[in-house]
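Order as written gives the chain letters A, B, C and D; numbering starts at 1 within each chain.
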Amino acid sequence: MSYYFNGFYKALRAALKALVTKRITLRYPDVKLNIAPGYEYDPKQGVGLPGFKGRHILFIDKCTGCQLCSIACENIAQCIEMVKSEETPSAANKKNIFPQIDFGNCVFCGFCVDACPFYAIYMTDDYELSSTEKSNLIFTPKQLATPPKRKEDLVDIKIKGRSAYHD
Amino acid sequence: MINLSVEFDIKGKPSTLSLSIGPQHPGSGHFRLIITVDGDIITDIYPDPGYVHRGTEKMAEYRDYFQNIPHLERPIIIDSTGITLPFCLAIEKLMDKEAPPRAQYLRIIMAELNRIISHLYWLGIYGPFLGHTTMFMWPMGDRELFIDLAEMIGGQRVTFAYTIPGGVRNDMPENFKDKALKIFDHFERRLKEYDDIFINNPITDKRTKGIGVVKKADAIDIGLTGPNLRASNVKSDIRLDEPYCLYDELDIKNNIPVLSEGDCWARMMIRRIELHESMEIIKKALKRIPDGSVKLPFRGAVRVPEGKIFVRTEAARGVMGYYLISDGGKTPYRVKLSVPSFRSIPGMPIALKNVRIGDMPPIYWSFDYWPVEADK
Amino acid sequence: MSTPTPPSNVNVEVSIKKEKQLVEKMKNKLKNKFTLDSIKPGRINVIVLPNNIVEVSKVAKSICFDQVSSVAGTDFPSDNEFEVVYHVACVSNSRYRNIIIEISTRIKKSETAKPVINSLYNVWRSCDWHEKETHEMLGIVFKGNPELRRVLLPEDWNDIPPLRKDYILPGR
Amino acid sequence: MPIETFEQFIKRILTIVFWLLIIAPMILAPILFIVIESGLIEFPINPYALIAAPDLIMPIQLELMASSFFKVVVFPGFTTAALVATVMILFERKFLAKINLRVGPLYAGKFEGFLQPIADLFKLISKELIIPKKADKTFFVAIPFMLFAVVSALLSVIPIGPSTYVARSPISLLIFFAIMGFFPIIVLLAAWSSSNKFSFIGGLRALHQMISYEIPLILVAVSVVILSGSLDLYQIVIAQKTVWFIIPMFLGACIFYVASLAELERIPFDMPEADTEIVAGWLTEYSGMFFGVIQLAIYVKFYALSALFTVLFLGGWSGPGILPPEAWFLMKTLIVMVFMIIPRGFNPRIRIDMMVKIGWKYLILISIINLLIAIVAASILSG
């Protein structure tokens, strides 16, 4: 009998403790989680730098149009297509072909970043890519070259006492 | 007008009712259990997997060894390190190379983090399967902490594509250790509250103890693995038996829980204890992790010499085995996955025999069956 | 960067001592019903003829190997053969837990008849579901398996078994 | 304008209502005028006079409020109970969210999602009503209304104030339990008419549960009758002037509490609608507003049983005179309801055989012991 009382009492106590514990919920559209900057790769060292694998950023002046990123994406998501882009002239890229990424297919594995030997494509911490139309998810070289908007209202996870919360 | 397909037998045999639990049922995944009930007692069980079969093995034959990494983690995204790690080990063994020690430790850290993430997900489903709503929200909330940790290293929330042949993609960030230890401290406290509210709750005790028993002989015979086998009093863990990734340096002998009951409760407790022990293993690994490079200088498509190899590791659900045949080409000739979930299917008919319908969801989920993984 | 040192031959000899003992035990009981393909640390690869597979596996079970980890079927169109490999682990005996015996056998393909092999269901119950899977993925019939039904493929699958090499993925 | 937020949705609805209110008199007023002026129908009062002189309408309104129809439907009958139940639904969601360490309803309404019940109502109304092809349509459609009617009847015997009650009968406690006896039948009918295996199992479970837990419920009520010496709920409240019955009969109150949890199919006794086992039990096939009505009826039953608890053990409407007696009654009932919600936060569901065992083996035994206590207490209280 005391086993039951003890068990229920402890469970009730844990439940009532939760009433004074701060909630872990992140109220997302109002505030955003502070995440690490984007994933980068150093071809000289041969290792990546840890970071968030969000949408890509393309450095137009470094891209030579060598298609290595597109080849790396073959059989993974097949979302990188090399397109001729007149909007973004570049001295390094004589043929003027740049990657165009379809984020509707991209799995954000980052192997294209690993494949680039010219430091031309990195990933950013931009994860808000949703769109009501599928065609909007295809990012042209010019769109890829624009750095993501700086986010505001960033919060971190905090651990204090019994509660872990976003504040 | 009303057809409940109740089979009334005039000869006085018990009348039975057949129920399709799944694939669209709140108590099943993409998986069907056709059960026959006599009154409230389940008399016959017929597992019917295959609703999410994608042909992973066939598709792997068309991808080269690097391209296979994001592909192969798809069957079980909540334990993605667990499923890609043996593949990388197999390639390294066929090439007769070994990843640098720092990479091995990072793999251990990632694999154990993934084990925690997977077990917390499991616990979060196990709660509502017993009707406990709070036990859904708490583990799912605390799982975010570990996903944040994994994201610091892997850059993604679930599918990291982190382990690659020859090491890992990147080093861990500097502030990882502090944050991890802080979160582990917090989660130890939370685990005690889990104990209070759910695991030691008298009703949970009554509902899980002594039901769905798989005896030791049966468990070995039908081929259960991992936590399910350890709950049936077999201390079998690949991390201990056939250490990979420098697990042998960590002295994890006492971090492998074994229980003798073999029932629903034991399978729950094993995972509950493993949540704690995995954190201990990560702490040990963080203490011992050496400096150095994290990757062998592989670039582009690797050529794997001709050969066959069977490699197994201990993923969150049990033994993850890969049988890899290479013909020296760019792509593997054959990739055979032996996944733990598939091996837990034959456990269900044994554990579910002669229990009540109400016990069906907790027993089913106590095997930690992941339909996508089993169907490959 | 520190390159890992390859394991020296002395270590290999020590580490495969247990495996060699086991093979000796099997050899004593079976004479030459199997051929040893290779011994690596933790892996014993034996090749048997399809007719002997039940006998060999019974002996393997009597030694210590009691749980089938995987049954892998592979199509080798160049040899016109199927290979079926049983990876059997030892679970109950902690001494041999790091060892897996790989019992591999080869079945000739023929144009007319389905490839048939004796099922090991009566030796190891754990190979039941793996055999089912191999059956539908490669079309190999396991004689003696109580229920070779469709497990993973869709019910209306009408094509040849998909893991055969002559089945090409659509769009490739 | 596409509707994207809840506010827009409410605005759209209010716009429609507004235009209806404008347009309807424009069409109806001339018709009424013609009908009345032509003398075809004799009206007791001229409606136009009412608009001019509102004091004329007051007697009619008072008369309406004194009518038993008003009492049954509005106060203290169904509407009051439904309002309390709605508040309780919102409270339950927020409270459980707090225990679960999440936020709960948040976006409907400016403050902590307090308009969520209205949003739920609109959602349920806008859903399609699906009647299964093989269902027994008559019963299937009738069940929500039957439940509705039965809970209204249940409320009618509970006095919530010294003069605020629908009906007073010398055997009102007996009537209450007699009406409660309808629930198992209705639930079984609902399950059977759905023609669904899971519904059927759920219905049988509900039948088991309600029948086995009604006995301890009634036995405890009998002990209260022994103490108060009356079957009239009004008299029972009067008898608690000196001491609330929860003090001599704490054990009985506990049994009543547990048994009503089971009767209401609340966690840990929610086997009839155990979602992971039998989808949603006897509610599986109900959708849209049918489901809404059933859910409302279940919550009104929740209110009714809590109100009965208040009447039997907490002295009904008695309390210091700073508040009207009805307010005291509602406050006590709300507290009882909160206590009934708490177990949902930390308990898993029990199994059907455990439930039957607890009901028949322990609760009935303890309630008989409670009867003895009641007899002793009655002899002490009476002098």
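Heads up, the rule we're going with is that a contact is a pair of C-beta atoms (placed from the backbone, for glycine too) under 8 Å apart; a residue touches a chain by one contact, two chains touch by 3 or more.
Because the structure is a prediction, the values reported are computed rather than measured.
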Assembly fragments, chain B aside and the remaining chains unmoved: A, D | C
item	value
Chain pair with the higher count of C-beta pairs in contact (A-D, A-B)	A-B
Distance from the mean Cα position of chain D to that of chain B, given in whole angstrom	45
Centre-to-centre distance between chain B and chain A (centres being mean Cα positions), rounded to whole Å	26
Mean-CA-position distance for chain D and chain A (Å)	50
Per-residue overlap in chain D, given as positions that touch at least 2 other chains	99-102, 345-347
Multi-partner residues of chain B (at least 2 other chains)	62, 134, 141, 197-198, 201, 293
Arrangement of touching chains [line / ring / star / complete / other]	other
Residue ranges of chain B in contact with chain D within the complex	1-5, 17, 19, 25-27, 40, 127-138, 141, 197-198, 201, 203-204, 206-207, 356-361
Chain A partner contacts - residues on chain B that touch it in the complex	62-64, 66-67, 69-71, 134, 141-142, 144-145, 148, 151-153, 155-156, 159, 161, 169-173, 182-183, 185-186, 189, 193, 196-198, 200-202, 205, 293-295, 297, 299-300
Partner chain D, residues of chain A touching it in the complex	8, 11-12, 14-15, 18-19, 21, 23-25, 27
Chain C residues within the chain B interface of the complex	1-2, 4, 6, 42-43, 45, 66-70, 72, 74, 85, 87, 89, 91-92, 94, 97-98, 100, 102, 124-130, 133, 137, 150-154, 162-163, 167, 169, 172
Residues of chain A touching chain B in the complex	3-4, 7-8, 10-11, 13-15, 17-18, 23-25, 35-36, 39, 46-53, 72, 74-77, 107-111, 114-115, 123, 157, 159, 162, 164
